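The next block holds one structure in the form of structure tokens; read it before the comments.
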Amino acid sequence: MLWFRNDYSEGAHEEVLKKLCETGRCHRAGYGDDEYSALAREKLRKACGMPDADIVFLTGGTQVNATVIAAMLKPFEGALSAVTGHINCHEAGAVEFAGCKVLPLPQYAGKVKAEDVQAYLDNFYADESHTHMVFPGLLYISHPTEYGTLYTKAELAALRKACDTRGVRLFLDGARMAYGLAAEGTDVTLPDIAKYCHAFTIGGTKCGALCGEAAVFAPGCMPERFITLTKQRGAMLAKSSLNGLQFDALFSNDLYKRVGEHTIRMAMKLKKALLDKGYEFYIDSPTNQQFPIVDETVYARLKEQVEFGIWERLSDGRIVIRLCTSWATDENDLDALIGLL
Amino acid sequence: MLWFRNDYSEGAHEEVLKKLCETGRCHRAGYGDDEYSALAREKLRKACGMPDADIVFLTGGTQVNATVIAAMLKPFEGALSAVTGHINCHEAGAVEFAGCKVLPLPQYAGKVKAEDVQAYLDNFYADESHTHMVFPGLLYISHPTEYGTLYTKAELAALRKACDTRGVRLFLDGARMAYGLAAEGTDVTLPDIAKYCHAFTIGGTKCGALCGEAAVFAPGCMPERFITLTKQRGAMLAKSSLNGLQFDALFSNDLYKRVGEHTIRMAMKLKKALLDKGYEFYIDSPTNQQFPIVDETVYARLKEQVEFGIWERLSDGRIVIRLCTSWATDENDLDALIGLL
Amino acid sequence: MLWFRNDYSEGAHEEVLKKLCETGRCHRAGYGDDEYSALAREKLRKACGMPDADIVFLTGGTQVNATVIAAMLKPFEGALSAVTGHINCHEAGAVEFAGCKVLPLPQYAGKVKAEDVQAYLDNFYADESHTHMVFPGLLYISHPTEYGTLYTKAELAALRKACDTRGVRLFLDGARMAYGLAAEGTDVTLPDIAKYCHAFTIGGTKCGALCGEAAVFAPGCMPERFITLTKQRGAMLAKSSLNGLQFDALFSNDLYKRVGEHTIRMAMKLKKALLDKGYEFYIDSPTNQQFPIVDETVYARLKEQVEFGIWERLSDGRIVIRLCTSWATDENDLDALIGLL
Amino acid sequence: MLWFRNDYSEGAHEEVLKKLCETGRCHRAGYGDDEYSALAREKLRKACGMPDADIVFLTGGTQVNATVIAAMLKPFEGALSAVTGHINCHEAGAVEFAGCKVLPLPQYAGKVKAEDVQAYLDNFYADESHTHMVFPGLLYISHPTEYGTLYTKAELAALRKACDTRGVRLFLDGARMAYGLAAEGTDVTLPDIAKYCHAFTIGGTKCGALCGEAAVFAPGCMPERFITLTKQRGAMLAKSSLNGLQFDALFSNDLYKRVGEHTIRMAMKLKKALLDKGYEFYIDSPTNQQFPIVDETVYARLKEQVEFGIWERLSDGRIVIRLCTSWATDENDLDALIGLL
């Protein structure tokens, strides 16, 4: 089978594994105090252009979202999110399990608009019964989104501006950050994200690591006693160096950048081939998730030889499928896939 | 420095790392459905002598305790635990964060007694206002305990019997299971634990893996939709194979057993040396945590060359320290430590 | 001022207060075991035509909704609700505070459609990643709705049928039940509601009592140890007879019916007068909440002499206002209001 | 039967009911904004000698404890309490349901000692792994305690002093406040309590009202958006005036004081009679709960004619019973009870 199901179908990049093997019997402190994590934090601060950022390494995507969001919210607040946002759809109610409501906003190819945020906030505070409602405390966005789309720098700035009118914190889910940063035509860099967000994550799991997500907080934005809160949520590893070492590897020798570039090159080759063959797309994605529309014949042919996802069945019988490239995509596999399409 | 601080101060055993390296670019399903995890589950079922056990791999110790306990409890129930139990002391209130009360019981070298459990249950149901109280729904024990001590088979049987009088589920925290199984003189095997407990964990993190805890449920005891609950608690890895592969390695070629045996051999050599030198012990531990009592002079000398834990300062000025051996303990280091004592 | 702001702006009906006064020094058990509550339960069972219903009296509307819904849901489930449902909008996230997600459905004048419920359920179980999502476990509806509208018997039957296809429980919020039952043209009786719902509430607070909501469960539908759960949520009164006595009064001598009829007579007189004067309505409500659209001039005039609610400002500058009648509405006040319009 | 079971076995004092009847059809705002509540708050501020206190009226004892405690705690904190404290024993885990751990302290006749609090705090911060533990954030005490005992002014001062060493807030549960204030020999007044506590409650339910507990916060101590939090916990009444009116009545014409004095006079008459007859007491209580020890014969005789509580069965076969007086205790009933003893 050719694997294009998602970007977490393999283990980890060789350079990541090498780091783990080299240090297998080296001694280190636990619970986040190890030197490998300290080193990785320094590298990430540099990459973000934010020397005073607070950085904590957690293990999984839903975990880091729910832990950070619930910790940043006050108990009377909830999290604004595109109705299609991962926290609203595919995290089994993790934010609500932590006691917080997700407040859905309209979505446009997975993105939210600053004017919708502003309108929500203005309407909320204009509503004379708002003390009986969940206060909007944080705006959750993802970059790339669940649809592979990206914000522009101007859009991020506008979102932050809207947030600031009412003290709302801006949180960006960067589970696929490497692929967003490497996309053609994007004007958003890691320092831009650090500049506009109160907190954001840099994904390891989907970008070449076995596991690991970095939670990055702008100065002053890390919740009080956040380390204790991660323990309380079961999100603190005894061997915290597992995450630290992997991020150290990802941010050494430009690995994170190389992972992103390879993946995007594979995705764009696929996209171009599909366009050349006349396929329509459900959405115009500049990143590693591509959503071509196929008919039953192609679908049946692919199903026998390719692992991929079904996104939606259209009323006309055609099917939106999702094809993902990743750091692990072999170009020979890609060529074989293109041959099948 | 000589490292005897704990059993999670290093990375992972070479055989575990090798498995991760060999499979780095192999494709697999995510979220627990991968074949590596399936294979590991089969090996664990065999080791437990329980072919129908339900097994789920989670990542960390506090995570697996809080997730399993909260899922097994009904909303009006709490978890009985020795007052010194890990869930009552050192998990930052993770069980309470999930909405459940820990109900403390007297402890005897970290263990609970069946008669205390029975008395608690009898008194509870005899109390005419018990509908206003938290119902005891589960008994949490650890093996080895936080003090390194072990239950006997007869004690486990008695605890289960007490639990059964009132429908209480017996849950055993086996974060250091390898060291309990390998202890000299223990009559408790993995199949015994599987026989007496409704659910238990088999620890990877402290026994040679980078991370990973196996939650094992006796047939019929896994909570409904437990997989969704792990997602909700942020405890499900996209790359679930990370845990599965490691448990596959630990339960191949007797690695888990070898890890336990090496660690115990190191611990007993240390214990014997300490006894020979006339040290008193705070507690008589048959496993990898040893609690000798040292005076200020020894303490000061050790502090310069050894990483170890402080357990308690006695009123006479002496200090109870904790020395841990592990799968990674080098015998040369141990000899050097003995030389210092 | 003329008070038409809402239906909880006064104290309680004289017959309710009389009952409280007559029994002020009579002795009774606490925590729900009092004879007054037992008597009231009997009367409600009779009124519902359900001799085996389990009935528990709680104190407030948000309290009874959140307590019953969270207790009926399994931990992996959430509550379907019209996007305009009270639990989704105006209960400050009480359901989410209890750890459960509200799953919004389209609304039609405050109501949900059985086909939307069915489609939601079908899509959910057809989605191959539904184990990562919140399971729909309960459908919340209100009758009258937040817009004063009512379900028909056929609509209730259809909702129940859709629910039953996937084991979803049907819960009806009857905070304004008296006004729904007394509405002109409704074909829904209390026994109908008891027949179609797994659980529902009968409101006291907005229907003539000082406080008090009855939670009614069809046989077998009351959650295990529900009394303990109400205590845990702080919803159990020591002097439970406060609620019981009031429901006893409301269901003696047809008081609940009389309260409903008076209120509806007042509302329909108001509605007819408004129609006669050519006012448009935002919604066609058959119950005690009326939503006429007024211009700025009328709005300004009313504001000086009437207490009422603002529902929405339309883009053309006109204003949707809410005028409520209640058990306490004085017909002279109503005539004065009509004179002002 | 003679009723001495507890202090919430009757309805409400005539003066409380009169106030409710007089205002039955008067209009007022809802959700805490009514003038009756405003008036009652003024009276309570005066009685507390704290003109800037924030006061919120809730409905029940467990409700006010759990709502205030959880709101005052940060998410990494728990509540210290005597092991016998009401929140630790008889509130069905309400504090834990809100996600917070109760941290038990030794009890002495239901009271905690400042030196134990100080030792707990010192040990906690000296423990090098305290970031893995629940931080002590609030000290819960009750006055009178669950055993009817009272703190002295010096004891309250010492507790506050200990709390202040580590930023711990002092919360006093005054469910039976009237009886504490009226006790013979106490040197603690309401202004003293206001002076030493960050927050405390003044109980209505057990002191003559149908329901209602006042939460009083020293200036600056009310949690942010506390009103929204009460809504979220289902603790806000639409007809908030129900609580406000009752507290208005209780704090008019010295009713709260008279209620306390009558109750204490009854209790002391009972205590004296029991002492004269040679009964032993389980505890020396100066308030309305008396705990005489009776033998089987007396117990059997009482059971036929008196409603009372069983506190504990002693190993010698004798029984500790609880006899409560209240605002509703009839002196003739008391004389009859004394005759039976």
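For clarity, chains are labelled A, B, C and D in written order, and residue numbers in each chain start from 1.
What we mean here is this: contacts are C-beta pairs under 8 Å (C-beta built on N, C-alpha and C of every residue); 3 or more make two chains touch, one makes a residue touch a chain.
Only a predicted model underlies this, so the values are computations on that prediction, with no experimental measurement involved.
Among the other chains, A has the CA centre that is most remote from the centre of chain D. Looking at A-B and B-C, the interface holding more C-beta pairs in contact is that of A-B.
Centroids of chain B and chain C (each the mean of its C-alpha atoms) stand 50 Å apart. Note: centroid distance chain A to chain C, computed from Cα atoms, is 41 Å. Remark: chain A and chain B have CA centroids separated by 33 Å (rounded to whole angstrom). Residue positions 76, 91-93, 97, 99, 131-133, 228-229, 231-232 of chain D are each in touch with at least two other chains.
Considering their complex, residues 31, 70-71, 74-76, 99, 131-133, 135, 224-225, 227-229, 231-232 of chain D touch chain A. Residues of chain C that touch chain D in their complex: 1, 3, 6, 8-14, 17, 20-21, 23-30, 59-67, 91-94, 97, 205-206, 210-211, 228-229, 231-239, 241-242, 245, 307, 328.
Residues of chain D that touch chain B in their complex: 76, 78, 89-93, 96-97, 99-102, 104, 128-129, 131-134, 310.
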